[in-house]
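Next up is a structure, given as structure tokens.
Naming follows writing order (A, B, C and D), and every chain is counted from residue 1.
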Amino acid sequence: MANIAVLGCGRIGKMHAANIAAHKQTTLAAVFDVYQPAAEEAGNLYGATVVSDVAEIFASPDIDGILIATATETHADYIEMAVKSGKPVLCEKPIDLDITRVNRCAEFIAGSNPIIQLGFNRRFDPGHRAARDAMRAGEIGDLHQVIISSRDPEMPPRSYLEAAGGLLRDMTIHDFDLARFMLDDEPVEVFAFANALIDPELCGELDEVDTAMILMRTADGKQCHINNSRTAVYGYDQRIELLGTQGMLLSGNRKPHEVKRFNAKESESAAPYLNFFIERYEQAFMAEISAFVNCIEKGTTPEVGFEDGRKALVLAEAAYKSMVEGRMVRVEEIV
Amino acid sequence: MANIAVLGCGRIGKMHAANIAAHKQTTLAAVFDVYQPAAEEAGNLYGATVVSDVAEIFASPDIDGILIATATETHADYIEMAVKSGKPVLCEKPIDLDITRVNRCAEFIAGSNPIIQLGFNRRFDPGHRAARDAMRAGEIGDLHQVIISSRDPEMPPRSYLEAAGGLLRDMTIHDFDLARFMLDDEPVEVFAFANALIDPELCGELDEVDTAMILMRTADGKQCHINNSRTAVYGYDQRIELLGTQGMLLSGNRKPHEVKRFNAKESESAAPYLNFFIERYEQAFMAEISAFVNCIEKGTTPEVGFEDGRKALVLAEAAYKSMVEGRMVRVEEIV
Amino acid sequence: MANIAVLGCGRIGKMHAANIAAHKQTTLAAVFDVYQPAAEEAGNLYGATVVSDVAEIFASPDIDGILIATATETHADYIEMAVKSGKPVLCEKPIDLDITRVNRCAEFIAGSNPIIQLGFNRRFDPGHRAARDAMRAGEIGDLHQVIISSRDPEMPPRSYLEAAGGLLRDMTIHDFDLARFMLDDEPVEVFAFANALIDPELCGELDEVDTAMILMRTADGKQCHINNSRTAVYGYDQRIELLGTQGMLLSGNRKPHEVKRFNAKESESAAPYLNFFIERYEQAFMAEISAFVNCIEKGTTPEVGFEDGRKALVLAEAAYKSMVEGRMVRVEEIV
Amino acid sequence: MANIAVLGCGRIGKMHAANIAAHKQTTLAAVFDVYQPAAEEAGNLYGATVVSDVAEIFASPDIDGILIATATETHADYIEMAVKSGKPVLCEKPIDLDITRVNRCAEFIAGSNPIIQLGFNRRFDPGHRAARDAMRAGEIGDLHQVIISSRDPEMPPRSYLEAAGGLLRDMTIHDFDLARFMLDDEPVEVFAFANALIDPELCGELDEVDTAMILMRTADGKQCHINNSRTAVYGYDQRIELLGTQGMLLSGNRKPHEVKRFNAKESESAAPYLNFFIERYEQAFMAEISAFVNCIEKGTTPEVGFEDGRKALVLAEAAYKSMVEGRMVRVEEIV
């Protein structure tokens, strides 16, 4: 059993706390939040020590690993504290909204060999992973095209948007990572369109967008398309399509159950898809914890680490540059 | 090109006339109906000679084959006339509603070797046939269970029911034939339940039923279930399921197109299934004509012949006996 | 939190112990098994007290409810002990293989009003329940036909079969219960076919069958078909179909993920279905615990109780009688 | 009945000749091909007069309409001859590979009001049309994103590629038209990636590409993605996705039948999709003829006309310019 501390007890932190408490290989040892009542609530719910000084957690010999789910601007600091203390961390994405801060953090890390796992949970989804495994096993021959459809059920509240850092850094960041995961290679060219179609007024005030389409290409010509929307009323839409010379693989959406309805107006009608990431990626979040525990126990390098977090952000930066300049941007322009 | 005459220009006869006119290997040479205006309408529509004396058709050296789509009580007579004249026939099911008349017709035929194809169109459906081919190729190992779901979109009019001979002889007859086709063997035991659920009043007046469930078993223990209903508001429902030691095969329904709808209440909702047999079995009806032409041209025995028509009717008789006596009936009790 | 004791730590008992330990509303307080090492293993795994004398559990003021997952022949005894001690029980099916023992147990219970929930887990499956809810809400009009397909992935070991009491009491019992649940009414007539197709040799030695088809009918003519097989190589097959005047509802199977494969030989190919009941009915087993806790806490009558267990067994007896006598059996002949 | 002449008896011309011969409202009156034996073959097959001087067709008072399926470089000439002779034409795409020739043809036409229908058959596909109808009826609220996946089953032969004018003018031209049809608006911005992944050697020799991804945007910000590949081994892949504020519509692929296979390795496996456009768009090609006959008979303007052909080509030109310059191209740069 690994003793895990959770930093940050907001929506995503509480979900992680619950998962760690329920996971067979982990104990929820401690929780922390700058807003103490949030930590207390989570601590009570899942039976964990509430810590008021985060430094205690980094110093404690009883903590085997730390999950960072605090506000984005604190991620890099906590990663650096973890590196100093030698504690393995599983850090929610993104590392930081500012690529220069991320690069400084990378420099800080350089030379040491810390366990830093990035919270790109979708890599652990059984469907996405089975699709990638089949592709890597040669089932579809040479990969040519990847299409990622990724749509949230609805617009987040204004307060969320104000802190999120923009659609491409907040939401598409997962898809940039999945694109790298599925392409099994680095995109070198990026083009992006994004604009406000769902809530132009709110987006206008926040200089934000809510609907996006992106194209990317690797050095050897493999093509990737990502589409995003903040509104999919039929449920959280998370699909990946891989086209190769010998076939295609689709990783699709899940429903709450397998009932189909038939009547005078329709046939085969199913329930809407699972509502959002907590439901859709439930298994992925648990598998992510398992992978983290495995790294802690064996001292191995995470499957998805700091550099993956940085590269996804670089793609977001390239996409923003493309949006502004109306042209294809080479990724090397950013790094 | 084979010159085909169509006897009977009602709904099903007109459909056959249109198919024969459009088929690449056939010419619609002549049409006949006891109600002359029906024959004239069909003749004008599809460019065929209207014949008022049916004997002319059997006598004509220019007619290569005859499709019988007249009232059921005339089928056996026309089959016998065809045998006498040496003309190949494709006869709509059933041969007759009375098994003794069918048996007399069988005796009449015995000794000669006429081309008599029965209009069990479903055997020619690309899906049902592909399922059977896969089963016979060993894809599902040894066959254990066959399940046939067969439901009409709505109750036929009273006039139809009055002449149809009862649900099991009129509608289930197709399923009895499909059961034999799919089991690749003869059922030896039959049990049936049937009652009136959709229109008890009308059924009561006509001593008819509208909803049925049947079980059958072959000598070596293979099991078969048929379910029928006269009301499937979601479209003509025609499904076959084959379970074997190595897998299962399902032959399902067709939709008019492949559009799926997604909204806040549902996902993957498709259009209702194709409405009825003319739409659903369009390809099957054409393939049935091709098979008939092939027999005419090569002098070969039809894939589905008189004896298949008789055996399906025997199963219907066994099922009726089972309904009345509330017990499993051995098919040999009927023959 | 309800303190639950688990009696019996075999495959199904261990699963329940794990579920109770993980369930948010329950604590696994005690475990018992006549084979002490099994209890110890479960106790260690899920952190529960191992009790060597089962009477202690019935006597303990700290136990709020008891889950009975012991050998079938002990179920009725433990139910009676629970009634005496006033402890709520959730008892695995069947109550007993012998209907006379079940009837004696019913007499024992009569007069008191104990909380006895039967382990018909499938009633709690989100899909089956959603289908039934939609049916009861009138979505498909009047119900006419129910079709239940229920197939195990493979033959159980000989040792299991020797104790199971026969296919219809062991496996179909669930389907008899589901039929009553879905018909929302009592079947009054039963007909059954069952024989050995998968392993005739083993079945011959044990006087057992492995493949079955059943028909049932309610007093007002609603029809129900059940098919069973001990071999579905494509995964545990659990489907329910409800046909009504205004439509149809299908509750289908679940896959481990939603990947579809496309290649030169096929399209839309998915992974085999979830392997067996522990995977397929994972949510149902947890919901069953929730329902039990609810009864304990509120003192309410279980949704599925002793009489449901008895009636399912009566249907099994009727089916066996039908098999032997080759006729439709009226359920009242059994009771 | 409308008397139709077919110019060009290659693969697509022969298909049209067959369709016109089979269509209930048309007679195949005459066929022409610069290679006389091709015309003779088609004439014999479908019972049409073989004309050796194309001018006769334009001059004949017995010809009600002309279908142009000759080599692309002759399309504009024949359109102009048709305008002069007042004959309605249904012209295969593209009008010409050279946009300046198309523009000259447009000038030639200006002022007269001829019936010129463009052969964008996909607009007449029952699925695509049902999706668009549902979208226009408001079913998905405001349209935000359109995704068109369009993949040929395999690379065409070198001889075809040499004459085809490039992937975007030959293949994507259909998708550009569908994009306009589905967006119900004009794209004003285009970005394209295209390269050779399937046969880099052949493509290198021909300065051709075989795999493409395109983004487009309308003036009010609606986004569209097209992906193309010359190799989909699982069958001709033709999908359209429409995302709106209230839902999504998918128009999918068709299979030859509805058989699904289940075994130890997979579930729900269907046959590969219909092989290519002749099979997939069979209904669309017939509906296209119906629409043309309707214009001839009523003198109405075709639903898809010359200007649609020109605009699709303009989008192809914009896409090529984008490929070369690595930037988003405004459509107005082309026109």
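Here is the rule we use: a contact is a pair of C-beta atoms (placed from the backbone, for glycine too) under 8 Å apart; a residue touches a chain by one contact, two chains touch by 3 or more.
All figures in this text were calculated on a predicted structure; none of them were measured in a lab.
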item	value
Maximum centroid distance from chain B, chain identifier (CA atoms)	A
Pair exhibiting more inter-chain C-beta contacts, B-C or A-B	B-C
Centre distance in Å when chain A and chain B are each reduced to the mean of their C-alpha atoms	57
Rounded Å distance between chain B and chain C, as computed from the means of their C-alpha atoms	41
Residues within chain C bordering two or more other chains	233-234, 246-248, 253, 261-264, 271
Contact footprint of chain D on chain B as seen in their complex	22, 125-127, 130-131, 134, 139-140, 246-254, 256-264, 271
List of chain D residues in touch with chain A within their complex	142, 144-145, 147, 149, 151, 189, 191, 193, 195-198, 211-213, 215, 217, 221-225, 227, 229, 231-234, 237, 241, 243, 245-248, 326-328
Chain C partner contacts - residues on chain D that touch it in the complex	233-235, 253, 255, 261-273
